[in-house]
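Report on the following structure.
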Amino acid sequence: MSAEAETATRTYRPPMGAGWWTRKGHYFWYMVREFTALPLALWLLWLLYEIQRAGRGPSGYYPPNSTAFVIFSAICLPFALYHSFTFLKLAGVILRVKLLDKPLASGVIVATMFGTWLVASVVVGAVLIGFGR
Amino acid sequence: MDFESYDVLVVGGGLAGIRAAIAVVEANPRLKVAMVSKVYPMRSHTVSAEGGAAAVLRPEDSYETHAFDTIKGSDYLADQDVVEAFVREAPIEVIQMEHWGCPWSREPDGKISARPFGGMTTWRTCFAADKTGFHMLHTVFQTSLKFDQIHRHDEAFATKLLVEDGRCVGVVAIDMRSGKFDAITAKAVILATGGLGRVYAFTTNGNICTGDGMALAYRAGVGLKDMEMVQFHPTGLPFTGILITEAVRGEGGYLTNKDGERFLKRYVPNKMELGPRDIISRAMTTEFEEGRGFEGAHGKYMHLDVRHLGEAVIDSKLPFMRELGREFVGIDIVHDPIPVRPVQHYMMGGVDADISGVTPLAGLYAAGECANVGLNGGNRLGSNSLSECLVFGAAAGRQAADYVSSARAPGSNPVGAMLKDETARIEAAYLDKKGGDERIGAIREEMQLAMDVGAGVFRTREGLEKLTKQLGTLRDRFEKIKIEDSSRTFNTELMAAMELDFMLEVADVITYSALAREESRGAHSRRDYPERDDAKYLKHTVAFRTDDISPRLEYRDVRITNFKPQARTY
Amino acid sequence: MTEQVARRPALAHLFWWFMFSQGGVLAALLIPVHIVVQGILGPLGVVKVVDRHYDTWISILGNPIVKLYLLVLISLPFFHFAHRLRYLLVDLGVPAAKSFPAQVVFYGAAILVTLVTIWVLLTTAPISLG
Amino acid sequence: MADKRITIRATRFDPEKDKSPRLQSYDIPFSDDSMVVLDALNYIKSHVDGSLSYRWSCRMGICGSCGMTVNGTPKLTCSAFLRDYWPRSVTVTPLNNFPIVRDLVVDMEDFMHKLKSIKPWIIRKQEIPLGAGEHRQTMDQIGEFRQFSQCINCMLCYAACPVYGLDNEFLGPAAIALARRYNLDSRDQGTKERLPMIAHPDGIWECSFVGECSVVCPKGVDPAKAIQQTKLDTTMRFVLPYGNRE
């Protein structure tokens, strides 16, 4: 079609609307996935604050145990798990690993990702608990 | 008045058209090419071709056998010099497609693989799984994008060939988007508009296959050759007409009737499922008539059975068939037989053209299904048509490029007048017409059903004569059609009306050509003349338009070189 | 399309996406266990956790490997978060979040968090291998 | 059996008359269980209202022209069966994220430009002559790109992509998948030449991996995967010391 014709006819462009992500379950869960960044960021900032607080010396240190904090963590946890689950699954799908010149099935890669998650969690958990008193 | 002017104009954006356009700029990179297509090129019906493209590539194979298979398949109606040139060019074109990126299926050593096909004595059908046409079309279309000399006019419908001083100098086309009429001029025009399957009700052809190019040429005074030769493919899905590729039989599928019997042993005992399409379609029709077909909600059918091939072979060689079965019939071909019945598939006939696509009208060329270069005769062998599009598309492109180096540019004065006349004609006939009450859809459906009955697998004098009367009545009713769509923007109803006008024209030619050929040859099977008659009809029918209802028919000798006609048994 | 000629791979985008993906992996692998142990089980007294007592906490914070681990754990995910939150704004109909100033703000914040983390880790507990 | 009927609501828009699109209702016979949404539209055009405009051709899911939004989801109408909706009504609207030209017809010129911009053809430093025969390529090598070569340009992925909907500058799923198809072809040497377009700010980086493109793709192309893999490969080219090679 010539450029002239393109301008000669009017088209209608339906507006997208900021609420597009409410139209479909898949879009909604995508937005939830992206939103996980916010609670996780807040939780890490708390951790950073905790570390900084330890630097003020032994006299004023008290362990973190307010109910509000537990509730905050409990809210963050599902977001963290959702992030882990989606990220590892999607990363597993897109990664291409060749073993002996044969491409590895993505199911195997996803399983490996989840396995790594499990091992990392056990190791970190063991350190956090093992050095506790 | 100034018009967009090119050196070569290609009408049609399928495999033959795009191949021709590329051939023009390869022959001379300074040439400006226009490609006018009523759809975006990748929608062209080449996309639906499944099985493969024939070419002699394996050392065990030979040009002679490919030529002989093609000529025997044509029931000796092919021009043998054309076939001999074709079989030599086909491998070069298949390699060219490979260089352009076509994902041909391969042998373990990385060479292009081949599969057996109906009527071919050896494996020579190159394939890209079972989406060969799709892959070839997208490959050649995407490759064409690198040539800035090719200017596309997508979704522009050509309504008339511009003829000035006895030579073709362009087309009048309506831009679908704006509804604007334009004269697109060029020193040469290549028609590559594809087939006319929509003349029939039960067809594998897409909605766009309406014989436009044939009608355009016919109206410009060019003859249509061998139009009685309409191919019926044995294996279409009932109701939709979706094609189940011959490759299913090539890979070892069985055709069985309701008694579970491989009935082809009575018709083509030596080739069985690898017999040619015309004979197998007749065999199936005969079985139906004798009560050995399955009865279904959409008519009689046979079983095409690939269950014994196993899932691995099906998934590597016939994945699209499995997809189609799942998607459109709700069966898994790994576990269920496929219901099939004969379906209109291809037009052997077409615009009278020679080995280089040259038509009798100076400056006009034709290639692909819309042309008849003399390759397919009375029956085309499966997988010859994709190769034909490449070989003769390229030939027409080269020939046109050569011609335009010495041709002068069309003058704008007569073109301006012709554009005005054509615009006035269409406006009067369709857009500004008042008082009509006939629906396009109704006339089209009646034409299609009448063609199915009157000009189907088997024909008779009574049937064909009745059909000419029906078509005449429909033509009269067409004069009284009503266009409800008054908009200029993307008026598909106007396009459908013009397509129907073209279809009524070519349907007439099919019918009169079939009526006059009083013998049975290839796909043209007359109940009243069941034998081939070489003494009278080893000839091409060439139909010319007259002011009368019926065309004027001429006969032209078939060119025989090395293969004397003999009985055609398989 | 004449603009095509001027097009170059966007190396800045490439770098930020690389950081985003690294941060995403780390966040996915490590954050849940920290939340579970330090955020829920510890405060509820279900298990003994290293941050429940000043001396265990400060001694482990002195370990250079732990410092490095915490730096990676805290800073890298922020590049992930910055990227996601920037595009979350785009998704919510704020195309300005694609602009260069927005990139400076979001990725700058991640860099800032990294610097603060380094400072906190260096000033909190003296490095000791004990 | 009583005559079954079904209600089809279709978008009508004539730029010469209408300011904005509206829905028109048609009550038509649902005479055969094999009927698809496209058959319903064809029935309307042939028997009820000849002015309804839409594109279609092969009605076997390969030409890619009959993509529309059916009850909110982008679909090829030739393979969307009425029986899956009946007795509910079926609402057919044009593909989202494209300008509407007329009724159910959208403007896809934008994609045609984008397709060309990613150089979807084999690029070689040195062409081999035709006389030398074919390039050797194993089925495993074809397997590397086969999935991405299945794209029929039906535009369902663009209609499903909110990134494209929010900003049409985004190169989009099909174009990137096709670029990857050529990049992964053992015969091609053009990855570097395609890079400026692919790794452009409006290219792969804009994709936030919503993934709906892959959900709606009727041919299993998985453009989302193609895009993320291209991000990863492109990043590795620059991050790994030996990455920026051809």
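Here the chain labels run A, B, C and D in written order, and each chain numbers its own residues starting at 1.
The definition used in the following text is that a contact is a pair of C-beta atoms (placed from the backbone, for glycine too) under 8 Å apart; a residue touches a chain by one contact, two chains touch by 3 or more.
Just so it is clear, the structure is predicted and the values come from calculations on it, not from any experiment.
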Taking mean C-alpha coords per chain and comparing to the overall C-alpha mean, nearest is chain D
Chain-centre distance (mean CA atoms) for chain A and chain D, in whole Å, is 29
Distance in whole angstrom between the CA centres of chain C and chain D is 37
CA centroids of chain A and chain C: separation to the nearest Å works out as 12
Chain B and chain C have mean C-alpha positions lying a whole-number Å distance apart equal to 63
Residues of chain A that touch two or more other chains sit at 1, 6, 9, 16, 21, 34
The positions of chain D in contact with two or more other chains are 15, 101, 116, 162, 166, 208, 232
Note: chain B residues in touch with at least two other chains are 154, 177, 489
Pairwise touch list, complete, is A-B, A-C, A-D, B-D, C-D
In their shared complex, chain A is touched by residues of chain B numbered 4, 153-156, 175, 177-178, 180, 489
Residue set of chain A touching chain B in the complex reads 1-2, 5-6, 8-9
Listed in rising order, the residues of chain D that touch chain C in the complex are 113, 116-117, 162, 166-167, 195-201, 203, 205, 208, 231-232, 234-235, 238-239
In their shared complex, chain B is touched by residues of chain D numbered 14-17, 32, 34, 45-47, 49-51, 53-65, 79, 101-103, 105, 108, 112, 115-116, 119-122, 127-128, 130, 133-139, 141-142, 145-146, 149-153, 178, 182, 185, 187-188
Touching chain D in the complex, chain A uses residues 1, 6, 9-14, 16, 20-21, 23-24, 26-27, 30, 34, 90, 93-96, 103
